[in-house]
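One structure below.
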Amino acid sequence: MQAYLTQLGHIAPELVLTLVALVVLVMDLVWKGRDSKRIGYITLGGLAVTAWVLWNQWRTLGDTNGALAETAFGMVTVDRFGTFFKLFTVGSLAVVTGFVLADRRERKHGIGEYYFLLLGAAIGIFFMVSTNNLLLLMLGLELLSLASYSLAGFHKGDKRSAEAALKYVIFGGLSAGVMLYGISLLYGMTGTLDLNAMGRGGTQGYPVGLAAQFLISPVPVALAIVLVLAGFAYKVSVVPFHFWTPDVYEGAPTPVTTFLAVASKAAGFAVLLRFVGSLFLVDGVHEAVAAYGEKVGLLLAVLAAVTMTLGNLSALRQTSLKRMLAYSSIAHAGYVLMGLAAMTPEGFTASIFYLAAYYFMNLGAFGFLLYFEGVTGSEQVDSLKGMGWRHPVVAWSMVIFLVSLTGLPPTVGFYGKLLLFYEGIDAGLGWLVVVAALNSVVSLFYYFRVAKVMFLTEPEDAVRTTQPALAGFLAILGALTVVTGVVNERLRTWSDDGQASLGIPQDAARR
Amino acid sequence: MIASLSFDPAVDYWLLLAVPGIPFVGYLLQIALRKRLPFGDKLLTLGMFGVMCITVYLAFKAIAAGHHGEAFVQHSVKDGIYFEWLYSGAAALGVDNIVAGIYYDGLGAAMLAVVGIVSFCVHLFSQGYMHGDRRYNIFFANISLFTFAMLGLVLSDNVLFLFIFWELMGLMSYMLIGHFAHDPSNPFFFKWATWASKKAFLTTRVGDVCLFVGVMMFYREFGTLQYTELWEAARVTVANNGGEFPAWMTVAGLFVFGGTVGKSAQFPLHIWLPDAMAGPTPVSAMIHAATMVAAGVFLLGRMYPLMSPEALHVITFIGATTAIFAATIGMTAYDLKAVLAWSTISQLGFMVAAVGLGGVVAGMFHMVTHAFFKACLFLSAGSVIHGCHHEQDMRLMGGLRKKMPITFVCMTICTLAIAGAPFFAGFYSKDAIILAGWANILDLKTFSGWGIYALVSLAIAAAFTAFYMFRLIFMTFFGEYRGNLEKHMYSDALAAEAAAGIERPGGHHDDDHGDAHAEHGHDAPHAEHAHAAHGHDAHAHEPHESPWPMTVALCILAFLGMFGGHFWLLDLPGAVAFWHGAHTWFESIVSLDSLYGPAVGAWAADGISEGILDHSSHIGHAAHVRAVILSLFVATSGIVGAWYLYVKRRDLPAVITKKLDFGYYVVKNRYFIDEAATLLVIAPSVKLGVFLKWVDEKIVDGLVLGIGRANRFLGFFSAWFDRIFVDGAVNAVGLVSQGLGSAFRLLQTGRIQQYAAFAVGGGLLTAAWLILA
Amino acid sequence: MGLGAYVAVSAALFGLGIVAIITRRNVLYILMGIEMILNAANINFVAFNRFGDNGLDGRMFAIFTIILAAAEAAVALAIVLNVFHLFSSVKPSEADLLRE
Amino acid sequence: MDQQTLQRIFYGALGLILLVVLGGGLAAAGWPGAAFALFAFMTLGGGLVCIWERSVVRSAFALMSTFMGIAGLFILLESDFLAMAQILIYVGGILALLLFGVMLTPPDMSERKLGRVLPGLGIVGLAILWVGLKVAATAKWAVQGAPLDGRADGPISSAEAIGVGFLAVDQYVVAFELAAIVLTVALVAAVYIARRRLSDVQPSRTRAGEVG
């Protein structure tokens, strides 16, 4: 019993979040959907409690080198890596909740379901980022996906929203199936669902699992890896599994788009990092498997290059700000993938740090979008004409976000990119860094078109309304973007702690 | 109770971080929102009040600790807030990360308090003084950013960041001097400000380049830029070199001193400072008297252990020369602000010379007290100028004692302070400098001819200071008001000057008086034009006291000018000892030990005559008594001289001027140093520029053209190459990115099944690659 | 029958599922294709579990896959119905407001 | 070739294949082999028909054949509980759901067939075949080498083991609970999106007090 309680304690954040979701659902039923704000505040409160539990977990994990030796309930890996991304998720979900509260176009009924689905998606993320077991990972991923599909189509009277949901569910279903098939192949080759066990080569020099497969041929492994990676790549919109991204981002309600672009994407990267790290890089991995990891790293590097190039070049011609941000998020997936492709612990840290940086700047950019949807009712870049002078706080905050997204100092985006570039060079991916640098230059054009439209054109019509709370929040995010660009010691340490708990040995740098 | 005020890193570092943070945020707000920020000026002033409170609070902590015998040790990056700069890059370069952090010690505490107080007073003062200015908001934004830079400079713990903030200050100085360059309603200021701002920027840049070279030399040899590590490295280097400074350190030290020469307006780069008076008076008070120009001295204080004896001799010479030479010019100036500008240069010379003589604590102390009384003097001058409707010429003032009583009292207090009257702030600091000089001479170890030269120069300069400052007071506040008189003792001279085409800065700034007189030039007699210009405003030509924000600011600074030298309110035993000047509040928190740490402090003290360090020693006591007597003597002689010439026998100055004909002419024209600079530096530079342009046009272009012709002559290959490859490459980049963008757009058909097909195809390709690879 | 036969059946079903998704125009076929792929994976799991004799992992995974398939089918059909109501069509190619 | 002929050829070929595989299975491994051949044929043939047919209803029923065939394969793989679950959930639940969907949407007879299906089928099929062959030729599955009918203790009922596995502390209890959450979320989402109200059709005119 005591052991059972202890194990429950290890998954306390998940439990708390589930409880919050149920409370939201029940309270919505009790209040018959009449009070949308109150539900929002309950959600925020619940998230705060969850964050507190998570923070405690983060601190206590410090006593055990960042990770518990035993998995909870045989499946849940409790480590700082997972906790980092859970905190990240809670943070972004809190912001998204705020966005929902601030969204002028949000209808009032069905809001209980809205929050419930958001929280459900978060529960999915919680489980998927903290397990090495492919079964639990799959379940968490599907939970996130199912909630996301329905959230994308949440405005069910809206054609675009419905279309977005349709596209998302089809593409998501395909990817999930493909990934499941890949998992089944991995299971067939290794006889286990535990990622950490797959790469281990067995004792007494008698290879088992993947290592045994490598003795004969790497082809089945290649197929399985590609199939599984396809599932993750779809989640983080890496080319060629990105096609749904612009359409779904554009059609979905803006808070949902924010959630997809920040929390969902980070969760996808979390599982991707864990998958690649646990399979190829962790301590005790068989040398044949580790050697194959380099090949996978090269594949990831190529995908990263293609992804960032495609994302940036496609973004160049977009007239819709929302769609432009969608392509920009594809491009950023490419950047993050760069750290992963380095296949070094430092590269992983850089990726995690960049995701944290991405949190600030992308939440800000989407908040800006939401703000101007409320003001102008349009997502077009042209509708921002002269808004810089009408809404200076928001516009200047946006300029900061754009600067950060481009990767210019003194913002956190610059620092994140600096780390990624450095680790890329360190890992021998100089060509990729060159591609990334060129891409940053390209991205300058479309990011600064927004600033140009805001500040260098004359406003067309009168200001309608403002949302001071949202504006203030964006200003805070903007300030954070700059502050973390300069003082990011702590954030870096956290990223590194998260990475360290994956158990990748420091000499994993092989190139 | 006071004893409990000890430094608490957990809290006080955040306070320290807030100190530069507040003006920076204020700057951002003001620049982003401009006129939309309601009560922007008030907000910024309020923020600056907060800064002042924090800095003063922290300084009091330091003083209280010092008075209770606790050593106020350095608080450095090791236990404070810092961040690593070049986190990744430095490792690649094979050097240590540059850790930028906060360095807070006694000197920092004092300096912060000075900047905080002066900034607040200037902000407050500007609300009255700059009222109605066209670029009022920009002015506040700029001055806030300047404050941020100055505070950052004081707090930074390494030379690189000091340099960054140093440059930022230079930029803000440029913008603030040129404040009126955007105001075409005043032709004189319009021209003068444009020119003066450029001159200041370019002149100080010479010094800045020197500083950067010096810093880089130290970085190259020592591999660090942290003060603490630099000092230790210097100590070790010298110890390993048998107690002698290596030659390169002298060179590097002189390069660093070059920065001081530029920033603190030392001879011969002082030429920018008098012209910087083209800026608004609050700017002059803050930047060109109290803070920025003091940064050069502050730099010397920070870099003192790196200076070899040879370098110190040069520093002494430059400082002493500047002190006396600027003082002579100050005696001849008639422009109110010009007198103060020359006085500033002269006082900065005192400080620099003090550092050179080994009296680094004395120099720093004088920097602090000078900041108070000079800021007050400038602001009082601003108040006078404001009251006299932007008249700056002392010859058109007089008798303002009755009309502007508060200004008069404040200015007199601070004049007494700068003149070195006993019990006023300046007395203690100037006395300490004289003492440094005297002890330097008396001690065999440090004795050199420079010491004698410096002592004599400084003593004379001190007398001159007292003279010209009281000349200013007597001309401005005593006698009768000459602004309204058609005929008075200076009217002939003024008319002659006007006839000679000499423009004066005063009387032209007229935001609220119309610009009628701007058209009819400057040849009309002043009195007439004053009437013509201001005639429509019945009370405008009568001088009046300034509004309360200005006078409050004056009073705060005057109070500090009076008591800033010695806070005996704080600690009674200190009051008893004040005759010895030994336990000023400053010396209780700043000593060589606390400045540079025990090891380096002891080493630095080794090269300094013991008299400076220990007042109870034989040399110290003897030197001290003589120093006090000397200071009293020079102060009294200066004041009495001024009284005699400008109150008692007001006809004498003209006679003396006539007698000294040529000498006066030279001094009046600032020793022709500007002209010399023009002749020796600027004109050759321009000639060189012209020559290079000629080279560029005739030879380089010719060469290029020749090659081009040759190419054409050889055939069309070059053109073809150019067209296809060079233009082609440029166009191709655009085309490829556009083209690829279009191609990618084609993929995005909006049809989910095609997406699925693409994805499956892509997945198959990926798998194939991984399988085949 | 050996393991290979089961895996072959599973692979073929996987291929059929992909083909269904890509080629058929009615969105319901796409859902059916997805079900086929999930089922193909299930065959694999059970077969590997049976022949590998290593605990219950594969079979359990199969059960959870069935659960996931049910959940996904429910959500997907709800979305399809919604799209049908708005676009009066079940052809995904006709819902292409969002493009480029 | 007209539609009719194509249909005949297709189903005729299917029938032939059925006979061949049944015979092959019988010859290769006796009755278990024949059973495998039958179930495999149900599975793949159902899938083929599902793709081939242009009526959604027929396709749905063909898919039922696939699911039933898979259930049969599960029985052959000694997972009787899974087979039951397959039939109950897939055939009884998912397929019924699909059929609902089919009935709620109008029949679409304009479907192009061969020209659209065959090239895709060919390319994707060939590619998958290639990959599959490479994999089949080189795969080293983690098997213990026990043949189907060589097992001493015969078929086991997996129901009990699965039931224990669901609830044992160190096995699948977390996954089980998570599956519950997944189903809850799916239910809420599906109900929300499928539920239709006046206000959904006319979003601008939400009537006060209308809740549900």
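The first chain written gets the first letter, and so on, giving A, B, C and D; residue counts start at 1 in each chain.
The working rule: contacts are C-beta pairs under 8 Å (C-beta built on N, C-alpha and C of every residue); 3 or more make two chains touch, one makes a residue touch a chain.
Everything quoted here is computed from the prediction, not taken from an experiment.
Asker: From the centre of chain A, which other chain's Cα mean sits the farthest off?
Answerer: B
Asker: Looking only at C-beta pairs in contact, point me to the busier pair out of B-D and A-C.
Answerer: A-C
Asker: In angstrom, rounded to a whole number, how far apart do the mean CA points of chain B and chain D lie?
Answerer: Chain B and chain D have C-alpha centres separated by 81 Å.
Asker: With chain centres defined as C-alpha means, what is the inter-centre distance between chain A and chain C in Å?
Answerer: 25
Asker: From the C-alpha centre of chain B to that of chain C, how far is it in Å?
Answerer: Using C-alpha averages as centres, the distance is 74 Å.
Asker: List the centre-to-centre spacing of chain C and chain D in whole Å, with centres computed as mean CA coordinates.
Answerer: About 7 Å, centre to centre.
Asker: Multi-chain contacts only, two chains or more: what residues does chain B have there?
Answerer: As it turns out, chain B has residues touching two or more other chains at 745, 748, 750, 752-753, 756-757, 760, 767, 771.
Asker: Note the residues in chain D that touch 2 or more other chains, in rising order.
Answerer: 120, 124, 131, 134-135, 139, 141-142, 171-172, 175, 179, 182, 185-186, 189-190, 192-193
Asker: What residues in chain C touch two or more of the other chains?
Answerer: 7, 14, 17-18, 21-23, 25, 30-31, 42, 47-48, 52, 54, 60, 64, 68, 71-72, 75, 78-80, 82, 92, 95-99, in rising order.
Asker: For a test of understanding, state which residues of chain C touch chain B in their complex under the given definition.
Answerer: 18, 21-23, 25, 30, 92-93, 95-100
Asker: Show me the residue ranges of chain D that touch chain C in the complex, using the header's touch definition.
Answerer: For this pair, the touching residues of chain D are 25, 28-29, 32-33, 36, 40, 43-44, 47-48, 50-51, 56, 59-60, 63, 66-67, 70, 73-74, 76-79, 82, 85-86, 89-90, 93-94, 97-98, 100-102, 104-105, 108, 111-112, 116-117, 120-121, 124-125, 128-129, 132, 135-136, 139, 141-144, 146-148, 158, 161-162, 165, 171-172, 175, 179, 182-183, 185-187, 189-194, 196.
Asker: Which residues of chain D touch chain B in their complex?
Answerer: It comes out as residues 120, 124, 127, 131, 134.
Asker: Where on chain B is chain C touching in the complex?
Answerer: Chain B reaches chain C through residues 745, 748-753, 756-757, 760.
Asker: For chain A, which residues count as touching chain B in their complex?
Answerer: Spelled out, the residues of chain A in touch with chain B are 166-167, 170-171, 174-175, 178, 218-219, 222-223, 225-227, 229-230, 234, 239-241, 243-244, 246-247, 295-296, 298-299, 303, 309-310, 313-314, 316-317, 392-393, 396, 418-419, 422-423, 442, 486-489, 492.
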